[in-house]
Structures are given as structure tokens and as C-alpha cells.
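After this come two complexes, each holding chain A, first together with chain B and then together with chain C.
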Partner chain A sequence: MSGGLTFLDRPNSYIGRSVPRPNARRLLEGRGTFVDDVAVPRLAHVAFLRSPVAHARIAALHTAAASAMPGVLAVVDGPALARVCAPWVGVLGHFKGLRSAPQHALAVDRVTWVGEPFCAVVARSRPEAEDALAAIRADLEPLPAVVDMETALDPGTPPIHPELGDNLAFERRLEVGDVEGAFRDAALVVEETFGFGRHTGVCLEPRAILADWNAADGLLTVHHSFQAPHMMQDILAKHLALPEGAVRVICRDVGGSFGIKVHIYPDEMATCALALMLRRPVKFVADRLESFTSDIHARDHRVTARMAFSAEGDILALDMDDLTGIGPYSVYPRTSAVEANQVVNLTGGPYRHGAYRARARVVLQNKAPTCQYRAVGHPIATMVAEGLLDLGAARLGLDPAAIRLRNVIPDDAYPCAGVSGIRLEKLSHQAALAKLLAMMDYDALRAEQAALRREGVHRGIGLSVFIEITNPSAAFYGVGGARISAQDGCTIRLDPQGGVVAAISVTEQGQGTEAVIAQVVATATGVPLGMVRVVSGDTQATPYGGGTWASRGAGIGGEAAWQAGKALRANVTAVAAAILQARAETLDIREGAIVDAATGVERMSLAELGRIAYFRPDTLPAGVQPEFVVTRHYVPKDYPFAFTNGVQASSVEVDVETGFVRLLGHWCVEDCGTVLNPLLVDEQIRGGIVQGLGGALFEHCLYDSEGQLLNGSMADYLVPMAGEMPDIAVAHVVSATASSEIGAKGAGEAGTAGAPAAVVNAINDALRPLGARVSRQPVTPETILEALGAI
Partner chain B sequence: MKAPEVAYACPSTLDEALTLLSRHGDEARPLAGGQSLVTALNMRLAAPALLVDLNRIPDLAGITRRDGVVRVGAMTRHRDLGASDLVRDHLPLVAAAVPHIAHPAIRNRGTLGGSVALGDPAAELPACCLALGATMVLRGQGGERRVPADAFFLGLYATAIAPAEILVAIEFPLPEPGAVWGFQELARRHGDYALAGLAATARRRERGLDAVRLVFFGVGDRPVLARGASAALAGAGIRAAQAALDADIDPPDDVAVKGRTRRHLARVLLGRVAGGMLEGAP
Partner chain C sequence: MEREHAVAFTLNGERVACRPAARTHLGDLLRAEFGLTGVHLGCEHGVCGACTILVDGRATRSCLMLAVQANGTVVETIEGLTERGAVADLQDAFHVRNALQCGYCTPGMLVTAAELLAEEAAPGREAIRAAIGGNYCRCTGYHAIVDAIAAVAEGRAAREGGGA
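On to the complex of A and B.
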């Protein structure tokens, strides 16, 4: 960078400032454009007939009565739709041995979970489509349902897909160091079985898609509530047999995603196929009830693990066995093996032990498919290690903070590798722990806890050290054959009045991506923030890219924007230099004006430069051709992933008569490298913590033994609500990544990664004097009462 | 989901509403605040042919005191119930229960009559009516009928309201000297239906309580007046009442929680609420 300045020091830097989101006012005024707000002529509405049973053969479908209902335009079953939309198989090359079966947009022959769509009704209105659904008679012949993941691999359990032979989709084993020797020689071994209930992401805006086939243009325009428009474009082109250029995917405002909206859903593919078949626009908006049975679920793991300690409290080894049920298909195209794989990669990752053994088995079952949801695998990995660590500390008489400080990889050890082989550039566990303990006044809280315990008040404090995978390179999906872009691009154009338009391939779902990109662009170009417009979420209008998931938007998209902005600034100052007869390196752009870099004195405004460049180019010196549009791309190359770290703490009070838990406080110190916008980062952390607390205490997709979802409504499925949430204090340690100039790593999943372990450890800390402990999430009042032997 | 097509009538008099209900029989449903019925329509759990909207009928809402009772019109919103001086002064049990009903947006629309007529076994207000010995005022084309709360709640979502009858008001007797009350519920999240709840009234004597009415909600198919526990509390104290409660309630297992958990929580609530009433601090 010129003048020895880092971008943080640039005179008009917006980096590190909590500038407001440019789209916040628009959304607050009700001027958002969500899929359901898009108005097109001749719009038809589709509703889906969904399987009422977990597993059955579709013997016959009687649709004549439905076809004759008022307003009905078409009734389409699986075989008819399959002529337009090719099936898919959710496997990836780098998950060796991962198996799944072909999955259709509308089930053909068999339905395999409660909620799987197997017939579609398109009508003039959604109510008419639903009226007609009720008139379809489906003859379903029950097949044995595989519900319990614990018995899915039993020899007596029939395979869901007979061609696969059994229900094992994927297995991974890892062994590092002398695990047997470490356990043999250990002073202490602790063991626990952890349960992680199945839950789902509940987006404010449900999944929604509007597909409009314009035969005259040869263009399928898809408005989609989605995180990865280019991925969707590629997949639609492939499965609908269209050239890439015949598909345009637009993701305008998206009302939350959390990883739910980055997968291929049968009903959404069917909607696009129906638009092609009917040659008219078709819209599908998932309602709340069908969201619960058709959105991807997540977690649903059972982990049995043990940890070996020296007498002094050093972790010697970790051994764990993970079993997870993923539904009847591995989800396309990212697969449903990733969560278990992450659990293997991440468990114990903050610590410096050298022996580690892990096995993960991923099994098929007749429940809703699971796939990547916020903090994939992280809460599981963190809970296992942090739970075992607290068990060890209690047995050894060590303080939970002390045993963590003793075992974390020291801050001066980087770069290095974690025990599972993950490559770590720069983490800050020691600094983060120190900051957290000071922030929460750990010693005072412990003293208060002890005093209250003498009065019969049962408070607990829980700690949770974690690492988070962010900024993935092509190692995540691309190397496995998935056509999901790891690189992203930004195109910036300077307009005549001196404003810029930045088109970016990462996307906005409410987290503030566009705000961060605007800050970076304003800082890099020298244009005031108020004169930066950001365009995102349109495959025809932005560079090609991956979108926003895996905490990659700011770190990868932000760097592309930074590089594009720098290049545009260079182009602009070069033209200004020609006009001003100055050397380009003596000029800069600040607050929308060309200035002398040394003195800051304005030489000319960008508006004047724009006027000349666009309207009087005849006055430019010979050979000067302004290039006021610049594109740059970025992909992380130095490391497969930019790991971040953090530590959380939770303070709770347990009512031991009722089992109710009151959340008294929550703290998080995390290190996402450069903090581009503190307000947005802190709110990402807070939102993530709330979602983590949801999984730990409230959210649970409950199935009966027949595979029926029992609580698929907002009345029965408990999302965390503000009233029960504690105050959440957030602070940061900054270890910028050297892989990019802006140095930003991801922050979107850190809250969710660490919150469950912190709160469960706090509950167990409160229960410890009573000889009780809990290990199954969600931890409900009933779980606690059972642990206490009160019921 | 979207509601199926439904006809809608908005009568301006009670007689007109009763005529419509009478004419359409089972096919018609009265619409009060709509906080349960409209959800049921949207989920296609209910599909009446006709909605008879009671919102424009004058005199169905309002709170008055006369002849030893506080009379609350059936269309009185939860919000107004919670803000009423009469309720605060004479029906403090009801005032204490209102903040536990769902959330402000729902309390702005939901009505006392709607809640009582629906008879959700986990709802707060039916339990309060039973604890306070309220009288339900019903109107049909044949005239007015008054049903004591003890005879009103008949089962799961079943009440003494006859076909083509409308619950028009609820009358609560004014509390006698020495009256005490208690209200507590245990809900996973504020505003949820409770895992267990207790609305209680009694009269404080020199030593202990009498006229005890312990009404539990969320533990059966209707609000449950725990007769054994109430008698035991008056005669023998809290521990005896907790022991007697086992025979009064038999909560079934359900999706949310096991029956024995609800039973345990009900016992804990009894101890806490009764303790408060004995000490005079509700």
C-alpha cells in the first residue's frame, strides 16, 4: 500500500467503524423485495402433496378429481416431472465411500420421509392449490421405516435403498499418535455419552422461489430466497438441461438463512421444472408447517467419548465415536457427511494433546434430511471436548479456567497443526481466555456462586473454548467435484457524479454483507460511503462467485472488494494525473475528491473528473483511456480454511425443584481477525449465541417410533425468544490473517459453535454438588429433574 | 397453509348473530378475537362454512361492577382486562394471570370470552374463572342461561355452551373479607402454554386457610379443581395437600413432557402458591 499506510490508517477509512447498514432503513420501511413481493403477470401457485408416512410405496395416485377443481392448472406427479427434471445424487469425491441414492424433485415409486413431496398442484391461487391437494387420493403401501439411528445399521434393519445394501452412508476413522498408550498410562480417564437433538433453522422468511420461463427469450428467471445464486444457476441448468446462460437466479432480499437456504430442495427444483412445463411463472412459498418437515434439519448426533489426563491436568488423549442420522438421502450438492466430518476435524482442536482417535458413522433413516446449518459440527465438537474437560477438572480438583489455560495451544506456537491435522495460521486462545476471565470477573463470580450455594441457590458457570472454520478455499467443496465457487469477485464502476456501484458475488441474507462491502469499497476507492451502491444476488449482474455461507462473505467477498477498489483508485488517479499534469503516485482519493497525497489539499472533485472522462473525453491527453470499471477476484490459497477461535462463558441459576434454568449472563471473546464493522460482528456473535442456546435448551425435532414429526409448528417447536435470553457481552482479540490484505476472517458461526457447551457446562457446574449431570441436548426442565432423581 | 374459502357475516346485533348461528348450525362458528380460530383455519384444522364475527356487536365488551359481582363482557380484550382498575381492585387473580397470556399482540386481540369458550386446558383464564367461582352468562334464541364455572368445562375443548349459543359475559363474585389468592405457572418460554399452572383462591382464617380452591391448568383435559388437595390444604397444610394432589390430577404423557413431570411441577407450584397465601403475600 502506498505511503506506508495500511487500509486501517487511510484518512477516510470506514473499516472498524459501526456504520449503519444501507439496507436497514429500506427494510424497516417495508420496502424490501422478498420473493413473495415479486409481482409478475400470469403467476401460478404451486402446493405440494407431502408424504404423511415415513416410508411407503406409491401404489397409485388418483388425481382426476383434483385436476377438475376450480382454478387448477396442472396436477403433476413424480414420473411426469422426472421427464423435465433429472434426479441427483448427493455425494462428493473427497468424502471417500460416501453413498446416497438418486433423489427426484417429486418422489417416484417411494416416499421416504414425512414431508417428502410426491405430487404438485399448480393453481391460480395457493388456497385453490391446497383445496385440490385435499382431493388427491394416494394409495400408499407402508414399508418398514428406519427411524432410530442406533439401530439403522443392525443386520435386521432393512436398507432404505436396497441397492446400497445397508444404511451406512459414510464412515470416517482417524487415529493420530499413541492413543492406546496414552489411555493406559493416564492418571485419569473420564467418559461421557453426549446426545445432540435434531433441530432446524427457523428463518423469518421461509424458503421461497418464483420461476419464470420466458420461451421468447429462452431465459428462466428464478427469484429465490437463497444464499448461493450461482450454485443454483449451475444446478438448474444441469438438471433442467438448459445452457448456463438460459438461467438467471436473483436473490434480492432474503429473510434469514442460517445455512438452510444453500441446499437443493426437491420442491424448489419442482417449481422451476413446472414453470418450464407450463410456460408460465410459478411460485412456491413454504408455509410454516411444511417448513418443519421439508427444510433441512441438523445435528442429531450421539457421541461417546473419553479423555485421558495426567495427574497434573494435561490432556493426553481423546477418543470419540460419533453416530449421526441424516435422513433418507445425502443432501445435494454439499452432502450430509460434512457435519460428521467436521466433528472429526474439530473435536479437541483448541488443545495441544498429541493422541486422538475418532470414528464417525453417518447413517440413513426415514426422517427429514439433515445438512449444513449454522456452525456445522462445531457445537458438537466443542461440547464433547469441553464437557470432558470439565469432568476431568472436577475429578482432578482443578478450576475449569485453569485447566483450559494449561491445555490450549499457546499463542506463540503458530503456525502449527491441530491434532486432527487441521492447519492453523494464528489463533489466540490464551489472550482470549485472559480477556474473557477479566471481562466476566471470573473470580468474583466464583465467590458469589460459593456464597449463594450456602443459601441453597444453585448457580453454575460454564466455559467453552472453540475454533471455527471460516473463509473456505476450494478444499471444502470444489475438490470433491461440486461446482460451488470458492472464489468471489467484485466489479466497481465510477459514475460521472463521483459515486460508485459495486457488484459483488457474495450475498446478503440480513447479516449486513452489503454494508461491509460498501465500507470496504468506500475505504478502498476514497468515495464517501453515502455514494456507494452495492448490487448483490443476481447471476446476470455480479461477478461469478460462491455466495454467503461458511462465514465467507466478509473475508472473501471483502477482499475481492478491497482489491477492486484499490485497482479502481489507481485507474482514477492515473487519469487525474494526466489531467493535472502530476505524477499518479502523488495523488489520492479522499472523501470523493482527488487530493495531493502528502498534504491532503484537494486538486479536483471526482465529479469534475467524471464529467471530463465521460462527456469530454476529447479533452484528455492523447493515449489516455479512462477505465473506470474494475473487477477483481479473490480466493484464499495459503490455507484450506481460515480458522478462528474464541471462548464463551455462561452463568446460570438452576431451580432444582422445577428443573428450570435461568440464564444470568453470557460472555464471548472471539478472534475473527480484522473487525470490519464492530456492530455487525457483535450482532452476528449475539445472534449465533442465541441460536446455540436454542439448540442447547429449547429446539428439538421430535419424532415418534413411526417416523412422524410430532412438534412441527411454532407452538410446539420452541425457538429461543428474547425474554429468556441473557445479556451477552462480546469482545475481540484481533489476529488478522496474512492470507488477505484486509485480514478478515469469518464471524458468523462463532456464537453458535461455543454457546451450547458453555451453557451445558454451566448447568452441570450448578448440579455438581447435587451429584447430578446432564449430557443430552436440548437440556429441558424434565432432563434436569430426571438427572436429579426428582421424577 | 392458506385457509379454505369461508363465508363471513358481521352482524351488528346479538339477535342477528344468534339467528345466523341457529340457521347454519354446525357449519357456523362465532369469531371473537380470532387468536385461536384464525390459526386453526389457516392450518385447515377447522373449516366452517360461515364465520359470524362478534366484533361489531355493541355491549359485548366492557367491565362493570354491580350487585356484588364484576361483570366482564365476553368480547373484552385481554389487554383491557389487564389494564382495568376494577379487575385490579376486585379480581387481582385475573390481573396477575393476564401478563402470562401469550404476547402483547395476542392480548390486544384475544378476548376473555373467546378463551373461556374455547376451553383450552392449558389456558390461564378458564382456570381463573373456576378458581373464582365465576358464572358464565350464555345467550341463545330462547333467552339467557347462567352456568356456574364448576359445571361449565366439560372436557377437552368442550364446554356447556349449547349449539347456537353465545357466551356474552362472565360474572365474578366480589371477594369476601379475608380472601387471598395465588397464581403461578411454569412455561418454558414466557407466553407459552404452561407445563403446569395454578390459580388459587382461599379465605385466610386466624390459623390457616379455608374455602380453598386450587385450580390447576395444563395438567388435564380441562382446568382441574383439585378437590382433595384443596380440602387437605384447608385442613392439614401444604404437605398433606401435596400428597392429596396425586389423586386429583393424572396428567398424560405428551409431546412436550411426561405426565409425571407435570405432576411433579404441579406439586411444586402447590407448595409455592399455598405458601404465599398462608403468608398473605401472593
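On to the complex of A and C.
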């Protein structure tokens, strides 16, 4: 690093400081710009007719009455829309054998889940569009619905897509080491079947898109509540047969995403196609029922697994079988096989056993499609290993903390490979566990638990060690043929007054992307943080990149910003050196001024340099051409993913009369490498934990045996609210990645990855003396009372 | 054609009049007619709390109130509360404590917090959690929001104590 300084040593380093987000003020004053806030002339509104049944043939659609309704501009069915928008198939080349069927923006022949759109009404207002929907008569001929994933592969179950022959979309098997031998020779084998209910993201801002086709300009401008604008641009161009340059995607404020807003949705593609067809702007904003029936769902896994132990408590082998239902189509373009694949990659990943067998089967069913939602696969993988580990510890008479400390891959063993073959650069399980146990005062909690038990109070403590996939390289999607950028870029421009504008291709959905990019840019360039303006979320205004997902914003976008900032500093310093007749290496930029690097004495302000460079370049020495715009890109190359690790603990009290669980405390120690902004990362981890607790205790997309969604409102689908949630203590261990100079890894999945296992283990710890245990999420009061035999 | 009704009320300190359709809810009216896009619609079932505003000084779900019911009332949204500085200390505390991420819940959360602190000068963490228990936030873990509201309560108490 230049001058022998690391970024932490730089005199004006903002890295690692708890800086409030510069862009948060507009949100606090209600002055953000979400898609539904964008005003354009001649805006039309679309509402979609959605399937009321899980599977049916569309025999006829009678739309004449709807077309004649007040305010209606167009009624468009699947075949008409298909003439403008080409269908897609959600498969990837590196998922060998993954199959799906062509999916249309509006269903053409059949509807395949409750909520699938199959006709659109465009009107001058949304109420008028909805009024007209009610006037459409659809003749739907019922088809057999495949609802239960457990029977989806039975020979008697009809295939949802006859051309596929059966309902198996994908299968993966992995076997490492002598699994049979390990189980044969084990002192103890424990087995459990774990259930993971379907849940969904419940972003507070529903999915929203506004597509504006300006035929005269040849430009489709799309305002989108979305995480990956360049991916959307590429896909819109491909499926609407437009040149890439004719599509501009803008993602301003996004009201929560969590992976929900990174997929291709039929209704959103249809909205863009309708804008082309009608040659005017068209807006779609999902209402809450539409969100529940058409946002991607996630999880819905059943895992049967067993773990072999030595008498001393060493894990010898892990064997697991995962079955997951993904709905009628694999979602485009990331596919719906990734969660199961990650369960195979991650299960048991923190531990040093050498034998592992896994099978994952991904089946089609007539429910809402599932795809990647925050912490894809992680909470499942973590629950399986951590649940089995607690079962083993109890049978062997070992403390749950002790058995984890005994089995984790030691901190001095890295770099190494995990049992599934994942490459691990540097993890810190031992340090994280030690820090967590001290932070929560584990021994005192155990003593309190024992004392209260004698009074009939049933408390439990649960631990959860996890690993997390972050900073994905092209290995995630690109190698499989998906046109999803793995690299990101940052362009920084020095303006005449000495401020900079940084355009970055990673995106902001509230996690603080723009804030950490500003911190990195300020540190790298020497410009005060208050004079850094960050631009993101616009395909015409930023370098090309992947956006924000899979915990890549800080680690990948941050490194691109760092490299761009360093390069700009070098360019600026060189011009200053020419003016000041000094050697460039004797100068630095600090707090907006060119200074003598050794003494810190100001030689010239950036504003003065900007004045000369932009307005009086005639006074510059001959041959000096200022280049005050710099772009740099970054993609991780050393490792396919930057794995991180962490450990969580949960303390609960179970009311054995009612089955209610009270969350008393929650702790997390995680290692995301360099912490760019503790204030932001800590609350992001807390938010992730709360999402994990929601999935573990409350959230469940309930379907009946006909494939009808039973809880399509926020009154019926329970999400974690402030009253039920505990205070959450967060701390860090720092193992920076050597793959980049800033050393940051991701942190977005960590909370959700580990929280379910921690709380479910805590509940089982409370129930253990009563001879009961739970293994099916969400763990509702009813589940607990059933386990206790009370109902 | 839908029936419209004449409605007049005080909105962020201004007297306004309009003719909403009978079925229009107040949240839609405030956004569409008056451009008050700080009113965020999250569920339109009265559950999520994002659209919370003040009506006659009470925290109210604007999605659960018909526009015509606003007739004769005093309505304040985040825009108006911001302009008159009524929630300035809460906004500062939310900012400093990072008690928001995507910001979609934030206007409703601030209105609810303002009502709480107007009624109870020194709420404990449990009372704060109970008070914001009807405002859904998917991004934060609520912890920072509780911290921020608690800090404002302490700050107001200190200021009042010092001024007495």
C-alpha cells in the first residue's frame, strides 16, 4: 500500500468508524423516492388477473365487458403478451440435470399456482383497472394439483410439465470419506428429521415497477424496486428484443429486498411489455395479497439426517437427505436449485469430520415458486448440524459449548477445505466461541437455568455455529451461463470545489451500501466524507456490475471504490506535484487538501487545484493533462467465495402450559473481516437475526391440500414485531480476507443463518428434562404443546 | 361514475379542500392528491403501521381511514412534522443510532414514537417495544429503534430538568 500506510493508518481514515449514513436523512424526513413515488406524465396502471386455483387449463377468457369499463386502456392475455415478451427457462449450466419448463410473463395455456398472473388490465387508475378485472370471466378447467412435496415424485403423481416426465427438477449427491465405516464404528449415532416451513421476505415496500417506453427516444426507462439493475437491463433487452442500450433501469430507494427483489417476476416483465405495446408509461405495484402469492417463497425443506460420534464426542460422519419443493417453475435466471445446493455445501461446514454424505432433491409442485431469500440454505444447513450436535451432546453427557469447541476446525488450520470441498481462507470458530461465551456469561446463565429449573421455570440456552457464503465470484452464476455480473466498478470524479462524486455499481436497499462506499472513497481520496456524493442504482450512470446480493456490496463494491479512490489520489497528486514543483511521493491528500506527506503541512487546497485544472488549464506546465475521473473494477479471484463464520446464542423461557416462548436474550459474534462501519453492520446482523427468529418461530406460508394459500395478509402471516423480540448483543472477530486490500467480507446473511438453530436448540434445551423436543419450524406454541403431549 | 364527496381539513398546517371518491382511503388521498409521498403504504390492512400519521393529534393508520372521514380534522404527516421540527430530536437520534435501513417504516415509526413520548416521558425499553409493537420493520432488529427512542426520552428529560 502506498506510503507504507494501511487504510487504518491514514490520517483521515473513515474505515471502521461508526459514521451515520449520509443518505439516511431523506428517509427520516419522508423524502425518499420509492417507485410508487415517481411521477411521470400519461402514467397508466396495470392490475393482474391471477389464478384462484393451484392448477388449471385456461379454456377461455371473456374480456369484452372489461374492455368497455371506464378508464380501461387495454386488456391483454397471455398469447397477446407473448408476441412481445419471449418466455424463459430457469436453468443454469453448472447445475447438471436441472430442468424447468418455459415460463411466460402471463400464463398462456395453464395456470400453475394460486397467484400466477394470466391476464392484465391497463387503465388510467389502479382502482379502474381492478374494477375491470372483476368483469373478466375466466373459464378454468381444473387439473390435478401437486401440493405435497413428499408425494411429488410418487409414480402416481402426474407431472406438472408433462414434457419433463416427472416432477424432479434437480438432484445432487455427494459422498466424501468412509461414511458407512464411520457410522458402523461409531459409539453413538443420533438421527432427526427436520422441517423448515415455507416463508417469504415480506419487504415492507411491495415489489414495484414503472416502465416508460419513449418510442421517439428509443428508450425504455424502468424504475424498479430491485437489487440488480444491470441484470434486469440485460434480461429486458433479451426478452423484449431491444438493444441493451435501449433499456435503462433505475433503482432509487428500495424498501427492503432480502433477495426477494433480485428475481425475474412474470408481472414485472409483463408491465414492461405493456409499456412497449401501449407506447406509454405503465406502473405495477403489488398489493399485500399479491406479495404473498407472487413474491418468491423460500425454504420448504424436509431434511432427514444422522450424525456419528466417538465416545469422546468427536463428530465422525454426517449423512443427510434433503427434499425441497420449489413451485411449478425454477425461477429465472438464478434458478430454484441453489438453496438445496447450498444446504449440501454448507451442512456441517464448521466442523472437522472427514466423512459426509448428502442427497438433495428439488421437486416441482403447484405452489408459489421458491428462490433465493436471505441466507439461502444457511439456516437449514446450520439447524441440521447444530440440532444433531446437541442431540449427541445430550446423549454423551457433554456440554453444548464443549462439544462445539472440541469439533470446530481450529483457527490455526487455515487455509483448508471444508468436508463438502468448499475452500476456506481464514475462519475463527474458536475465537468467536470464546468471545461469545464470555459475552453472554455462559456459565452464569447455566447456573441460573439450573436454579430456576428447581422452581419449575423452564429456561433453555441454545448455541449455533455457522459459516456464511459472501463475496461470490463468477462461480456463483456466471460459470453456469447466467448473465449476472460478478465484477463491479466504481467511477470517481473530482469536481472543481474539491468534492468527489462516486458512481458505484453495487446498490443500496438500506443496508448502508452508499455510506460504506462514501467512507472508503473519502479514505482513499483524502476528501472529507461530507464532500463525497455516491450515485448508485442506474444503468446509465454507474459502471457495469452485479448489484447487491449474497453479501457482496461492501466486500466487492468496497474494493472497487478503494482501488478507484487510490488511483484518483495518485492522479490528483501528480498534477499537484507538477504545479508545486514537488515530487509526487512527497505529497498526500488529507481532509481535502494537498499536504506535505511528512509534515502534514497544507500546500494547496483541492478547490484551488480544481480551479486550475478545470478553469485555467492554460497555466498548467506543458504536457500535464489532469485525469480527474478514474474507474476501477474488482472481482474476487483467489477463492470462489469469501466464507465467513460466526456463532449465536439464544436464551429462552418456555411456558409449558401455553407453549409460548419468551426470548430473553440473543448474542452473536461474527467475523466479516474488516468492519467498515460497526454501527451499520451490527444493526444489519440484528435485522438478520430477527428475520431468522421469524422463520423459526412465526412465519409460515400455509397451503391447504388443494394448494390454496391460507394466509395472504399480514394479519394472518405472522412476522416478528418489536414486542416479541429481545435485545441482541453483537460483537466481532476480524479475519480480513487477503483477496482484497480492504479485507472486507460480507455480513448480510450471518444473522439469518444462525438464529433459527440457536433458538430451536434453546427451546429443546428447555424441553429436554421433560422428554420433549421439536424439530419442525416454525416452532409454534401448538408445536411445543404437541411435543409435550399436552394436545 | 363513482360518487365524490367534498372534504375540507387542515393538512400540515394548511387548510385544504378536495373531492375524493367515497372509496378512497386517506393514505391514497394524501399521496395522490397532495404528493405527500412520505406516507408509505405497506399492507393497506392496518397491520404494518407504515402509513401512520397524526389525525387530531392521534397516531392513525391512514389506510384504515376513508378520505371523507378526514373532513374537519387536523392531519399531520411526516412532511409537516419535519417542517415544524416536532420530531427533530427523534430524527436525529434515529440517524445517529442507525435506527433505520430502507426507511419505508420510518415515517410511521417516528409518528408512533412521537405519540408515545408525548404520553409517557420516561418509558422503559419494554414500554417502548410495546408502543412500537404495531409498526413492522423488516430491516433492523428493532434494537436500534428502541435505543433511539430511549435516548430521546432521556434527552428531553435532561433538557426539561435543566430548564426547571
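Side notes on the structure shown:
One rule holds for everything that comes next: the second predicted complex is superposed on the first by the 791 of 791 C-alpha atoms of A that agree within 3 Å, B and C clash if a C-alpha of one lies under 4 Å from a C-alpha of the other, contacts with A are read in each partner's own complex, and residues count from 1 in each chain.
FYI, a residue touches a chain if its C-beta (ideal position, glycine included) is under 8 Å from a C-beta of that chain, and two chains touch if they have at least 3 such contacts.
The model shown is predicted, which means the values in this text are computed figures rather than measured ones.
Of the two partner chains, chain B and chain C are each touched by A:Met721.
Once the two complexes are laid over each other on the shared chain, residue contacts for A:Asp37 go to chain C alone; chain B is not touched. Using the contact criterion defined above for the overlaid structures, shared-chain residue A:His55 touches neither chain B nor chain C, since it reaches no partner.
After superposition on the shared chain, chain A has more residues touched by C, the comparison being chain B against chain C.
Contacts of A:Glu683 after superposition on the shared chain: chain C is touched, whereas chain B is not. When the shared chain is aligned, chain C comes close enough to touch A:Cys203, but chain B does not. When the two complexes are overlaid on their common chain A, residue A:Arg357 makes contact with neither chain B nor chain C. Of the two partner chains placed by superposition, only chain C is touched by A:Leu28; chain B is not.
Looking at the shared chain after the overlay, A:Ile791 reaches chain B, while chain C stays out of its contact range. Residue contacts after overlaying the shared chain place A:Lys426 against neither chain B nor chain C.
Within chain A, the residues touched by chain B in the first complex and by chain C in the second are 127, 287, 713, 715, 721, 723.
Contacts from chain A toward chain C in the complex involve residues 20-21, 24-34, 36-37, 39, 70, 127, 201-206, 253-258, 287-288, 509-512, 679-680, 683-691, 713-715, 719, 721-723, 725, 727-728, 751. By the touch criterion stated above, chain A contacts chain B in their complex at residues 125-127, 130-131, 134, 287, 289-290, 657-658, 660, 698, 702, 710-711, 713, 715-716, 718, 720-721, 723-724, 780-782, 785, 790-791.
Residues of chain B that touch chain A in their complex: 1-5, 43-44, 186, 188-193, 195, 255-258, 260-261, 264-265, 268. Residues 1, 21, 23, 31, 35-45, 47-48, 50, 77-79, 82, 91, 94-107, 110, 125, 128-130, 132-146 of chain C are the ones that touch chain A when the two sit in their complex.
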